[in-house]
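See the structures that follow.
Each of the next two complexes has chain A plus one other chain: chain B in the first, chain C in the second.
So, the complex of A and B:
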């Protein structure tokens, strides 16, 4: 009897592990026409895992103190063996995560997979997306460079446009009138402990929703039939589908390898693609560098605030857009999921992407 | 088992071995930088010799200092005669204290006692204190 069989038998008697593996891997059937876009969840889990590991490693040498933070990051980059690799994986990885998140959300939108009964899956995913952006924002300050300092100053200044309570919100976010020791302390605590805890919980809820409701069928092909109306809970089964393991797990693995290869290329050959020169100077609260810009994924918000005559209007429009997106499954209640049968939605989808890209490029060039 | 299924099993075993090999190489490639990242750096402890001023060590007294990243102590037992030891107790690694009145070292953790020459006088320490080389240059004491 092989060691593997002995081990599995031992676990099986105690935990019923064979049954568990069958239910969730080999007998877990996915839609026959499942496409490559469904792998992005696994890609994101891998990339988030990498952020978690590299983040813990960076904590070994990073010092969350305004006097020492910049020097500690420079030491990680220049003195600690492979520190440059760990830090670049973390910094570049965060950008790649936002790309993968956007692709994941866009594919779900395009295939209308957010509709009933998957409203909660969408909502938890949307919260994960926003929480990721807050993680990026809080992590951005930690190197305490000119870029960190002034990008955070601009970002935390934005709520100041809200009447009556705006100034109090800004002070609360910063822990004082200006970005300083208190801001670094609270951003550090949020980035390494507070937000990851909430994040882990949300990912758990999201995965539970995905597993409980079942994988949605891609709404393509002539044999696609709309789903019947549901009045009671029903897990979506796919009789005659393909097993998750090994069939789809191999595809998951291939796309994960592709993303890791992209990450490796960026880390080794273009590590500064997302890092402008002002990130290499220590923070100076008395000198604002010229043309300070936020990260590429915040450029749309940055430019929206600049376009409108009042920051309050800009903030209001951003808030309305994000709320609409969060509540989309509750507003768009038609059961039709085929994109070809939803021309208005398709036009909005394409225009939305073009507007996001256009406004971001405008923000970059302005 | 017919020839076809034997071939299939052999191909399967070869593929599994290849995949395991590639996986092991990739895991090694990923873990090596992590190991190097976490391993203590030699540079931080490479200071070979520590220079102290003679004034820092009173006659019959002791001066504690950092030697290659660990606590050490230098004594002046007679005028102009200096000896140095690691200040780490050989029992469980606590830092010893100098008792000037008794001219001996006491380990506060488990009451180990060492003489001014580093020898064990009593208590649980299994070995004498590690002795460090001392030389004199002008008004400086060089340890190490």
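So, the complex of A and C:
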């Protein structure tokens, strides 16, 4: 008897592992017409896993102290074996994650997969997206570079526009009047412990929702019948579908490898695409570097705030937009999922993307 | 949901903001910048200068207390020196540029100070000071006082070494841009360039020629060290190319497998 079989038998008797694998892999059937966009969830899990591993490795050498943080990152980049690779994977990977998250959300929007009964899946995913942005923001400060210092100064300044409590929020975020030791301490704690804990929980909820409700059918093709009305819980089965493993898992594998190849290209050949020069200068509270801009995924928000005469109006409009997006499944209650039958939604979808890109470019050039 | 909306609003507030924060540049700039004419012009000229780039503000040269928002900021008790007389300029600048002042004072230029000879500002300007380079030695400027001939010889003697310095400086900046710790090299190059430029202030062509080999040998040593690092960086790229090819091959293989499963599914 082989060692593998002995081990599986041992686990099977105690945990019913064969049944579990069958239920979730080989007998877990997916819609026959499932497309490539459905692989983005697996891509994101892989990229988040990579962030987790590289983050732990960086923690070994990173020193969360304003006097030593920049030097410790320099040491990681120049002295620690493969430190440059680990750091670049972590820094560039975070940008790729935002790209994959945006694609994932856009594909869900386009296929109207957020609709009943998947409102909670959408909501947990939307929270994961926002939490990822907060993780990016808190991680931004840790190298204690000019970019870190000034980007964080600007970002934490924004709530000051809120009447009455604005200044208190700013002080709370910074741990004082200025970005300094206290800010670095709390951002570090949030980035490596607080936020990942909440993040892990949310990912668990998201995956539970996906698995429990079942994978949605792509709303395309002549044989697509539309969604039947639901009044009780019902897992969406796909009789005659394709097994998740190995049939669809190989597609996941293909797209994951493609994304990792893109990451490798960026890390080895263009690591600075997402890292401006001020990221390589130590933080200096007395010298404001020229042309400090937020990361590309915050440019739309940055420019929106500049367009309005008051920051409070800008913040309010952004808040309303994001709230509408979060609550979309509760507002858009029509059961129709075929994009071709929803011209108004399609127009809003395209205009939304164009506005995001256009305002971001404007923000970059302004 | 209402709470979540507020939380979303707050999160967005944190994530996006206008860049309206500027470092406090001190009372000198705050008061002088808006003023017309000679009182405000120096601020505009100083912006973008090598001094500004290195954090040297008004009080670094003129003294005074930039933390005071009153005329007392410009009182002698606060160390205010004001603008120096022409003949006092070398001492004024020489407080920081010690070696340069020493060579200048021993040179024909320095010996003619007060008798029509040039001082620092004659060639370098005052507030819009740029990084000193060989372009400062040119027929237009030098001919204001004397024939260009000797100055041209000096420039030719310095040109090759200066070109090497500039090339190495550009190389180090590129390396810094990708996160390589080049501070040590940059410090050594800075010191070497200073020594070399200090040499110019002696305006002694023979001295420049005699010492050029020493400077070039030091530069060659640094170039070798940088070349070694470049080789390592190129090796990383080769490894990177290999990783990318392997990942793309794996992606292609998985895609082929998927096609094969697809054909199998269609026949079932």
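Convention: the second predicted complex is superposed on the first by the 366 of 366 C-alpha atoms of A that agree within 3 Å, B and C clash if a C-alpha of one lies under 4 Å from a C-alpha of the other, contacts with A are read in each partner's own complex, and residues count from 1 in each chain.
Everything below uses one rule, namely that contacts are C-beta pairs under 8 Å (C-beta built on N, C-alpha and C of every residue); 3 or more make two chains touch, one makes a residue touch a chain.
Everything quoted here is computed from the prediction, not taken from an experiment.
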Combined model on chain A: chain C and chain B, fit or clash: fit
First (chain B), second (chain C), both or neither touched by A:47: neither
Partner chain in contact with A:80 - chain B first, chain C second, else both or neither: first
Partner chain(s) touched by A:253 [first = chain B, second = chain C, both, neither]: second
Superposed model, chain A: greater residue contact from chain B or chain C: C
Partner chain(s) touched by A:130 [first = chain B, second = chain C, both, neither]: second
First, second, both or neither for A:306, with chain B first and chain C second: second
Which superposed partner A:96 touches (first chain B, second chain C, both, neither): neither
Contacts of A:60 with chain B and chain C, given as first, second, both or neither: first
Least Cα gap, in Å, left between chain B and chain C after the two complexes are fitted on chain A: 9
Residues of chain A touching chain B in the complex: 57, 60, 79-83, 85-86
Chain C residues touching chain A - in the complex, by the definition given at the top: 1, 4-6, 8-24, 55, 176-181, 236-237, 239-241, 243-244, 247-248, 250-255, 257-258, 261, 265
Contacting residues of chain B [partner chain A, same complex]: 33-34, 36-39, 41, 43
Complex contact set, residues of chain A against chain C: 32, 74, 77-78, 84, 87-88, 130, 133-134, 137, 150, 153-159, 161-162, 169, 173, 242, 246-248, 250-251, 253-255, 257-258, 260-261, 264-265, 267-269, 271-272, 275, 277, 280, 284-288, 292-294, 298, 300-302, 304-306, 311, 315-316, 318-320, 322-323, 326-327, 330
